[in-house]
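Common to both upcoming complexes is chain A, partnered first by chain B, then by chain C.
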Partner chain A sequence: MRTVVCLKLIADPDIVEFDVTTEELGNIHTVLDPVDQYVLEEGLVLREKLGGEVIAVSVAPGAGDDILRDALLYGADRAIRLWHDDLRCADTWMVSQVIRESLDNIGFDLVLCGARSRDAGSALMVPALAHHLNIASATGIIDLEVGSDRKIIAHKKLTKGERETYSLELPAVLGIEEGINEPRYVAPFSRIYREGLRKKVEFLEVDITGLKGRQLVQNLRFTQFRPRVKVGIDISALSMQEKLKMMRGELGREKEELFEGSPEEAARKVLDKLREALK
Partner chain B sequence: MLPEVWSFLEIENGDLHDNACKMAAEARRAARIFNIAACGVIFGPCSSGALEELKWYGLHKIYLFPGEPPFSPEIIARSIHSATERLNPQFILFENNPSGSEVAARVAASLERGLISVCVEFESEDGEPLARKAVYEGKAHAVCSWAAPPPYLATIDSSALEDVKEKGRTEPEIVHEEVESGECLTGLLRKWEVGLSELDLSEARIVIGVGKGVGAEFMEAIDRLARSIKGVIGGSRIAVYNGLIPLERQVGTTGKWLNSDVYIAIGISGAPQHVMGIKEVKNIIAINLTKEAPIFRYAKLGIIGDLYEVVPELINLIEASSEEKP
Partner chain C sequence: MSPVSLAYWGIPGYVIFWVLSVAAVSLFLWRAYRLWRYLRLGSGWGGSIRLPGRLLTALFHVVAQWCQFKTLSRRDLSGLGHVLMAWGFFIFAIYYLLFIIIGAGFGISETIKNNSFFYYYSWVMDIAAPLVVLAALWGIIRRYIVRPPRLKGEQNIEALVILITVLIHPLTHLFKEAANIALGELPAGLGSSLPVISSALSQLFTGSTLSSVQNAGTGFFWAHWVVVLFVLVYIAYSRYLHIIAAPFNVFLSPPRPLGALKPVDFKATEAFGAASVTDFTRKQLLESYSCVICGRCQDACPAYATGKPLNPKKVVQDVKEHLLQVGPALLAKKPEAPATNPGRALAGEVVSLDEIWACTTCGACVESCPVCNDQVGMIMELRRRLVYEGIYDKGHKKALKRVAQDFNPWGIRWNNRAKNTGIEEARAGEKYDCIYWLGCVAAFDERVREVAQATSKILRAAGLNFAMLGAKEKCCGDFVRRLGDEGLFQELALENIRTLEELDFDFILTHCPHCFNTIKSEYPQFGGNFKVVHHTQLILDLLNEGKIRLQESSQKSGEKVIYHDPCYLARYNDISKEPRQILGKFFDKTVEFPRNHNNSFCCGGGGGNAWKEQEIGDKISVTRLEEAMKADPQILATACPFCFLMFQEALQIKGNEDGIILRDIAEIVERFLC
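Let's turn to the complex of A and B:
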């Protein structure tokens, strides 16, 4: 089985910050999207179970070579970087078309992506790829079983402990959620690591003229974080203290209620509050 | 006729889902910004009580897609796609939760229209609609525009939503639509819920937190309380040290960050490290003996009293009322 894992290069989400002076994102140090560690690991686990190969693909500028080289050291069979300078401001739709073109050349049984990237988090890649390729897809997958009969059972994570179970057939695109597995540790100079050192990251210049893709979404500028102004609040009339409260999201919060009395009454109050909260 | 903004309202067992009312209010808000008409989109059977409640949100129309739930995201997306081609809405809004964002993405892909996700606010600049979205989990905002023609799709950040009712009730026009059928590439087998004992703290709806004030011999009662209100037990670092709860149940900066509806803090004083973990919780109820405990500053309801007296009383009350109900 040939599994293609799509890796995304993003700015390190722990340290990136908005630079007020330049009005741009600052402190950018590119790393692999955290969720993609799980994606790569899932590809490797499936290869151990079912055989075949794992191919890492990334649409990224030169810095993307680092994450792809890491993927090789972790045990991926091939790593391919796709790029064209005009893709610098591309949206998900453009990138999905680029990946689709390359998938035609590479060939695949299963494509794995992160369900939601840590930077923009549009969660659009999986449905977009499925639409281009006209194959089955599921996203937000927290548990995955691929049978030898090319049938997949996938569990999707919803909120508040709810789950959905899907059945689909290969070829398919799946969006992997964090926590589906435990990414492995590959010791330096272990056998897999040394084999990875011998492999090279391949580079493909993308031909954009052939893509029908116009951009669907345009990113105009970055601004500072600002919580939404709640309805009915006049900002100009607020004092500095209240403005700070608003920034922390505390403005308009109900006043807390303190109760001191007999245990029976206290228990009754707690129960009423519980019912009101869960209504 | 005014162009329309559609808002996808989730239904669960005939009733409105958690944030459906807020999404209706969101449609009204977007409608006001862009001077268009607010409409709701509902899949599945919808009780009259739910429709009654939606009258408070100034909706112009409600599109009902009847049928037997559960719907797979593919079916919902396909139905919205075909309705969109006939009715040409200007905007389609979804809540940014796992099911909403998947449907949004599928509709966007099949229509080949722009989708801006995790929106916090809509703006209008020179007549062009703009959306402000959070990037890097809220470290900055990006201002985006739709480059493709309408419908403009967006998912709204759950924390930006607010429940704003209109002053008077309006009678929305109910429009019945057809759910698309046909072969699906992805089949929905079943919907299920994780058992309470395996449920992760960050996903739980009700969390009970235990702290230094709770003795090991009292955990049995806490367990009973948790079972009776279908809650999950977590706690502070002291509770982990005292062996009351396992390490993965710790709440706070070094443990889990909660996002639950209710948090009942029992015998917890409220150290800043612990409070950090519960700041997203909607309702905090604290039971503590000391009046000066910092946890009372964050609690919606604070009970000053002995937890060894209040908790058994609470269990009795809940068990008595649950026996009454059936």
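Let's turn to the complex of A and C:
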């Protein structure tokens, strides 16, 4: 089975700084999108179970070579970087077409993407790819079984621990959720790492002139609507009480309120509450 | 008349003597040659040796039997038996060489014995023989009646054979001498008084006919010579190979304290760690020959004591057994044949995964080993192999991945490192007295952060100009290296060295013995030569020089304080007096653990095992805490953040009814600051 894993290069969201005055990003450390660690791992796990190969693909400028090299060091069979300088501000629609073009050349049984990236978070890549390829898709996958009969059982994560289970058939595009597996660790100069060192990241210059889809969405600006006080939670700075609250998921969240009565009454109460909050 | 010069059933005694002796020596040499060739399968001898010093150490350990006295000082009386047997062995060996092989064997017995040297030597033998008999008897009683737990799980038959021969040959020697004296042969007539014991035994022969005494003498002579030859052969084929191998092993052992692991040169070698016995150094294989399964390491091992599968003596023995098993196949292989390991995999099968991972690298086994074996070094090679193959314990793997990503084992993003410590970050171009190396625990754990804050308060009180590295500091790599991940360790080491070299400072201060050991002993392997000071050393110096002002009080605190020696401080770096001297300045009553100083018992957090769930057996930290509780202290002091965390956990598990207060040395001193 040939699995293509799509990896995204992003600016480390925990480290990146946003300058409100110049509206520019600073302190950019490019890293692999955290969810894509799980995507790559899932591809490698499927290869262990079913054989075949794992091909890592990324639409990224030169810095993308780093994450693709890491994918090779972690055991991917091939790694391909796709790029054209005009893709710098491309939207999901455009990028998905670039990936689709390359998929035609590479060939695939299964395409795995992150369900939603940590930076843009549009969660559009999976449906867009499925549309272009005209194949089955599912996203938000938290558990995955691929049988030797090319049948897939995929579990989607819903809220409050609820799950939805799908059955689909290869070829397919799946959007992987964080936590689906435990990403492996490959020590520097270990056996798999050494094998990865012998492989090279391939580069494909993308011919975007032939792509029929134009840029549908344009990113105008990136601003901070309201300055955030807390960028992230610094766990070490929390008190024990706050830590316990965080573990219970109570930190920074109002207690849930139940509105009782007939549907009309309950709706009215909700509206009242919202009006009050907006005042 | 020497019994060798007689004829037996028409065969000259000389023929019998030399046929027997040459046969035994040949058997011995043949085996020794095989063993030597197995030994040569190892890769190199493991480092250079400074000859005069090593020779002196070896003589000190072997001839003066320091190997036993150093453990005797730890209330181990069985060492005394070894001393008697070893000295007896040397004395008897010289006797056999001079008076039996050269004297009797070449028919010059009368000439070589007719002098005062023989007279005195027979006195020495006369005293040594009964002592050896006593030692052998004590050995038999100890092994089969007392049965100390550390001898559990041995094949006792080998020990029985050797103990019986040790018992028989001084006895036959004494009777042989007694018969000689009864016959009026040498040493009779050489000096004023005859050796007491043999002459007392010669009284047994009074009233016997001359020929029966002669027959008895001849009988005892041949009996004792056959026993001697048997022992010679038996040594080579049993674990008592120890007698031959141990002196060389002690000679080849690096001087203590141990602190640095051997670096791997990734450019020169494709794989790392020990996949097969050929990946061990010859020194390490010699260690397996030297081990006589005395079990001192087993006694000292915290993993074994808490019911985990690891037993250092078993690891060494398993390696030896495996070497003897696969040795012939490896020797028969042509050098150009691919390097495959015949038989079972060394890491995982010969030594099980649970054994390999249970080691806390505390070094208690190394410290207690009378033949200077380095069991931890062996286990490290096996761990490296597992990392090469990508086999991890779950907890270890997570910690390593976190260090690779965020340079700390907690998995908190690296930009949050050392926040809220209130210590200035170092800037390039400024001159500092010291760089305060926080280490991952103080950088992220809120309780241990207080230790760092206490230390920095002391530094400020002393007027030192110091700073920390902040988010630029990365895990020093101690546990990473000890989990076998040499590649990641070297990356971390090189990056930390680069960061430190950009700054201008006199010395590095750290409160973590693990960081201390790594920066001090291991960074020089990669070009990072820094002066590193542990905070207990610095605080003691500051106190002695009067550089910090303390609260004026005529009386010392009356609280009862107990100090736990961190392995990486006391055992690896020999710093055990400093913390006690600091405590002595503030407290009247200091109590000790039963195992203290460099004989300390691990907290269970070393060697990466702070990140591993101790699924098998008891928690080491709880065992150690129970030892402390027996002394009923009010304050439990330590000087290592890992020991601190482990005790914190143990106090939670055990329940702290007595209200033991856990404190770092720095926090204790901070309390008395002005």
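Just so we're on the same page, the second predicted complex is superposed on the first by the 224 of 279 C-alpha atoms of A that agree within 3 Å, B and C clash if a C-alpha of one lies under 4 Å from a C-alpha of the other, contacts with A are read in each partner's own complex, and residues count from 1 in each chain.
Just so it is clear, contacts are C-beta pairs under 8 Å (C-beta built on N, C-alpha and C of every residue); 3 or more make two chains touch, one makes a residue touch a chain.
Just so it is clear, the structure is predicted and the values come from calculations on it, not from any experiment.
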{"item": "Partner chain in contact with A:138 - chain B first, chain C second, else both or neither", "value": "first"}
{"item": "First, second, both or neither for A:216, with chain B first and chain C second", "value": "first"}
{"item": "Which of chain B and chain C A:167 touches, first, second, both or neither", "value": "first"}
{"item": "Contacts of A:188 with chain B and chain C, given as first, second, both or neither", "value": "second"}
{"item": "Which superposed partner A:48 touches (first chain B, second chain C, both, neither)", "value": "neither"}
{"item": "Chain B versus chain C as contact partner of A:157, first or second or both or neither", "value": "first"}
{"item": "Chain B versus chain C as contact partner of A:257, first or second or both or neither", "value": "first"}
{"item": "Broader residue contact with chain A after superposition on the shared chain, chain B or chain C", "value": "B"}
{"item": "Doubly contacted chain A residues - partners chain C and chain B", "value": "none"}
{"item": "Contact footprint of chain A on chain C as seen in their complex", "value": "264, 266, 270-272, 387-390, 392, 397-398, 400-401, 404, 412-413, 415-416, 419-420, 444-446, 449, 485-488, 490-491"}
{"item": "Touching residues (chain side chain A, partner chain C) in the complex", "value": "14-15, 183-194, 232, 234-237"}
{"item": "Complex contact set, residues of chain A against chain B", "value": "11, 13, 16-18, 25, 91, 93, 116, 118-124, 126-128, 130-131, 135-140, 153, 156-168, 214-228, 230-231, 254, 256-261, 263-264, 266-271, 273-274, 277-278"}
{"item": "List of chain B residues in touch with chain A within their complex", "value": "29, 70, 72, 77, 97-99, 101-102, 105-106, 108-110, 112-118, 120-121, 130, 132-148, 160, 162, 164, 185-194, 199-200, 203-206, 229, 261-262, 264, 282-283, 285, 287, 291, 296-306, 309-310, 313-314, 316-318, 321"}
